[in-house]
C-alpha cells in the first residue's frame, strides 16, 4: 500500500478545468516533485492535498486514511510555503510553537519539541530572533522546523526556492536534500524548475494543462520522455528537434540528416510518416569520420565546463555541447556526428514518442 | 559629489520668488498663533494696554493658565473634566473602531461572499453623507437608544467605521500574504485565531495610522458634541472652549486664550512627532479612495 | 463541536460583520431613510404621535417663503471662491515643496498646523486675530497709520463673509497641500529626467507632466470643495456665532430643527441638500471615471 494516493482527482474553477483525472501514488519516504510550467495545475494539486482548496472530484488517501473530506488541520500534513509564511511579529521559537499553542499542547512538551527541532535544523542560536532578522536560508529552516514539530505524515513544499538568489538557491537545495536523506519523511514538492526537480526527486510527476504527462524517476524522465513536451521541458539546453520523414525500414530523412536509426530507439516497429527527431546536445561529437551533418556556427556560449555551440544545419537551429577545449568560432563550419542510440523519435502531429 | 551646475539668473530669480511665497504664507499662517501665545502670557493690565503682537513682559507669566485650570468661579466644567471626558470618548471609540473596522476589513479582504462589494459600496456612499445633514433623524435614533445628552452618544457615533479607516486596513491586508492564513489553517487555527493572534498584531502599522488620523478627527470635532451633547458636565474640550467663549468678558479673554493653548497643545505636539503618519493616512485615504 | 470549513467560514463572516453592519444600518442607513419620512410630516422633534403627514408642504414652504435660504446660498459662494483660491495656493505650494528645496519639510509642517488644531480653538484663534483690537488690525496700523481700524467680523459692515472664507482657507490649506503633494510624489521621477534630457523647461514640465498627472486629484478636491461650501457650519458659528449676514444653510437647518423645533422643515432642508450632494457626487464619479480611462496613470 502506498503512503500517498490520489485517485482520479479533478478540480474546476467555474468553467476552467484546472485538474483532469489526476492519479498517482507515492511510497513512504519518497520525494515526489510535481513539475510543470506555470498554470499547469501543480500548485492547485498541492492545495488539494492540504485541503486548503475544497470541492474536488476523486479521492485522496494519506497513510491509509481517506482524507478527501477532512479539514487541513486534520490531515496531518505540514507545508512550507513559497513566501515561507513566517509570522513576522513572533520570534522563531514562537513561530515554531504556534501550531502547538493553538492545539493546546502542554508547555513543557512544546518547549522540548521546539528545542529538538531547533537542534535538528541548527536554529538554536536563532530562537529569539524575528523572521526579519534572518537570511533566506534560515527562514526556510524555520518554516521546516514549524513542520517538523507537528510530526506530520506528509511534508509539502510549494516552490520554496523561487524567492532566493542563485547561490542561496543551490545551498538551500543541498540542505533540503540532506534533510530528506536524514529524516526520510514523505515529501511532495512543487516547482517549475526542472533542475530542482531532477536533483531532488525520487519521483517526478510532470504536469501540463491539468493533466499528468508522465510519472517517472528523474533519470527515466530524461532518457525516456513519453512525448515531445516531456523531452523539451527537461534538459538544458533544450533538446534539438529535427523535422523529417521516417521510413518503414527505420531511415530518418530531413534537416540535412539521412540516417538509419537503431531499432532500440523504437518501442515498436517503425511507423512511416512525418516525425521529429529529438537529439540531446551532449550526444554530439565534432568529428570528420562518418559525419551526420555540417553545422554553421552562429555563436558559442562557454559555460565553464562545456561549450554550447549554437548554429544552423540545413535551415534548422541546432545546439551541441562539446568539450571546453574545442576551438570553434562564429562562421566556422563544423562536422557533427550524433550518438543515434540516444535519439528520440516523436510523431510530428501528436508529439507522442514512437 | 555631482558637478554643480551654475545657476542662470532667471533660475535664481524664480527660486527666490518661490521662497518668498513660502515665507509670506508661513508668516500669515503663524501670525494668529503668535498672537494667541503672546496674548495668553500677558497680565490683565498688560493685555489691555499693549497690542496683540508684541511679546509679553514676562514669558513665564502663567497666571492665565493657572486661572484656566483652577477657575475662581466655575462655569460648568473645568479643563481637567473636559480632558477626562474627551479621553474617555477617545479611548472607547478608538478601541471599538479598530476592532470592528479591522474585522470588517478582514472579512471583506479575505472571503469571497455575496454582498461583499455591496458592503464596501455602502460604506463609501453612506458614510460619505456628512453627519451635518442628518442631525434631525440621528437625534431620534439616539433618543431611541437612550443615548442623548451623554458622552456615550459620541462614542457610538465615532466608533462606526469610516471608509478611510476601512480602506487603510484593506490596503494593508492586501500586503499580508494569504499564505499566512493558509499556514495557520494547516496548523489547526480557526479564523478567529488567525485574525486575533496573527492578522491583528500584523496590522499594527495600519492601526497606528488609523488611531492617529481618528484621534485628530475626534479630539478636534465640534459638530457632533454641539448638536447631540450640549450638557456642560458632559463637555468635551471643544464644548468646554465653546461654553467658555460664551461667558467671556474683557478681563477673562486672556484666560480663554490660555485655555485654547492648553487644548491645542497635545495635538500640535503629537503632530510634530507623528506627521509622517498623518500625511500617509491622508494620502492613502483620500487619493486612493 | 467541530464545524466543516464551509460552516466555519460562514460563521466567521457573520460574527465579524454583525456589529459593523448593525452600526451602519442604525447610524447611517436608517437616519437617512427616516429623514425622508420626517420631511413629509410636521413633526416637532418631540412628540411622534402629534406628527401629521403633510405631503410636500415643507418643500413648498422652503421655496416660497424662506428668503433666508437665498442668503445662505449666496453665502456659500464666498466659501466656494475661498476654496478655489485655497486649491490654487495649495497646488502652487505643493509643486514648490515637491522640488525638495532645503527647508521644504519645515514649510510643509508650518502650513499643516492649522489643520490639526481643535475646531473650536481654531475658530476662536481666528476670531481673536480679526477682532477690532486684534492682531490683524495692529499689523495694518503699522503700515496704514494708527487710526486704521476695520470691523472685519461685524456682519453689518459687509466684510464678515470674506473674513470667514479667509478663516476657512487658513484652516484647510494644509490639507489640500498634503493631498496634492501626495499625488505629485506618485509621479515617477524618470518622466522628469526624460523631459529634461529633451530640453523641456520648468514651465513645460509642469504643463506636460505634472498637471496631467494631478488633474484628477485636483478635480476631486474641487468637487469636494463645492460640497463643502454648501455645508459650511462650524466656521461662521464659531467666529460670528452665525449671526445675521453670515448664516449658512447648515446653521439655518440646525436652528430650525433644534431651537425652533420644526423638525419637518429641517428634514426637508436636509433632503434638499442631500439631493444636491448626491447629484454632485454622481457627476464627479462619472467625470472622474472617464478621466481615469483617458489617463491610465490615474490614482483613483
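First chain written, first letter: the chains are A, B and C, and each begins at residue 1.
Throughout what follows, contacts are C-beta pairs under 8 Å (C-beta built on N, C-alpha and C of every residue); 3 or more make two chains touch, one makes a residue touch a chain.
A quick note: this is a predicted structure, and the numbers were derived from the prediction, not measured.
Each chain's centre was taken as the mean of its CA atoms, and the one lying most distant from subunit A is C. By count of C-beta pairs in contact, A-B exceeds the other of the chain pairs A-B and A-C. Of all the chains shown, the one with its CA centroid nearest the global CA centroid is B. In this assembly, the C-alpha centroid of subunit B lies 16 Å from the C-alpha centroid of subunit C.
One finds 56 Å separating the Cα centroids of subunit A and subunit B.
Centre-to-centre spacing of subunit A and subunit C amounts to 60 Å, using the average Cα coordinate of each chain. Each of residues 71-72 in subunit A touches at least two other chains.
Those residues of subunit A that touch subunit C in the shared complex are 51, 54, 69, 71-72.
Interface residues of subunit C, counted against subunit B in their complex, comprise 8-9, 12-13, 15-17, 19-21, 23-24, 26-32, 34-35, 38, 45, 89, 92-93, 96-97, 99, 101, 103, 107, 109-114, 116-121, 123-126, 128-129, 133-136, 138-139, 141, 170, 173, 175, 178-179, 181-183, 186, 202, 217, 227, 231, 233-234, 237-238, 250, 253-254, 257-258, 263, 266-267, 270, 273-274, 277, 281, 299-300.
Remark: subunit B residues 177, 179-180, 182-189, 193, 197-198, 201-202, 204 touch subunit A in the complex. The touching residues of subunit B, counted against subunit C in their complex, run 14-15, 18-19, 21-22, 25-26, 28-36, 39, 51-53, 100-101, 103-104, 106-107, 111, 113, 119, 122-123, 126-130, 132-141, 145, 156-157, 159-161, 190-192, 195, 216, 219-223, 226-227, 237-239, 241-242, 245, 253, 256-257, 260, 263-264, 267-268, 270-272, 275, 278-279, 282-283, 286-288. By the touch criterion stated above, subunit A contacts subunit B in their complex at residues 47, 50, 52, 71-73, 77-79, 81-83, 85, 87-89, 98-99, 102-103, 146, 150.
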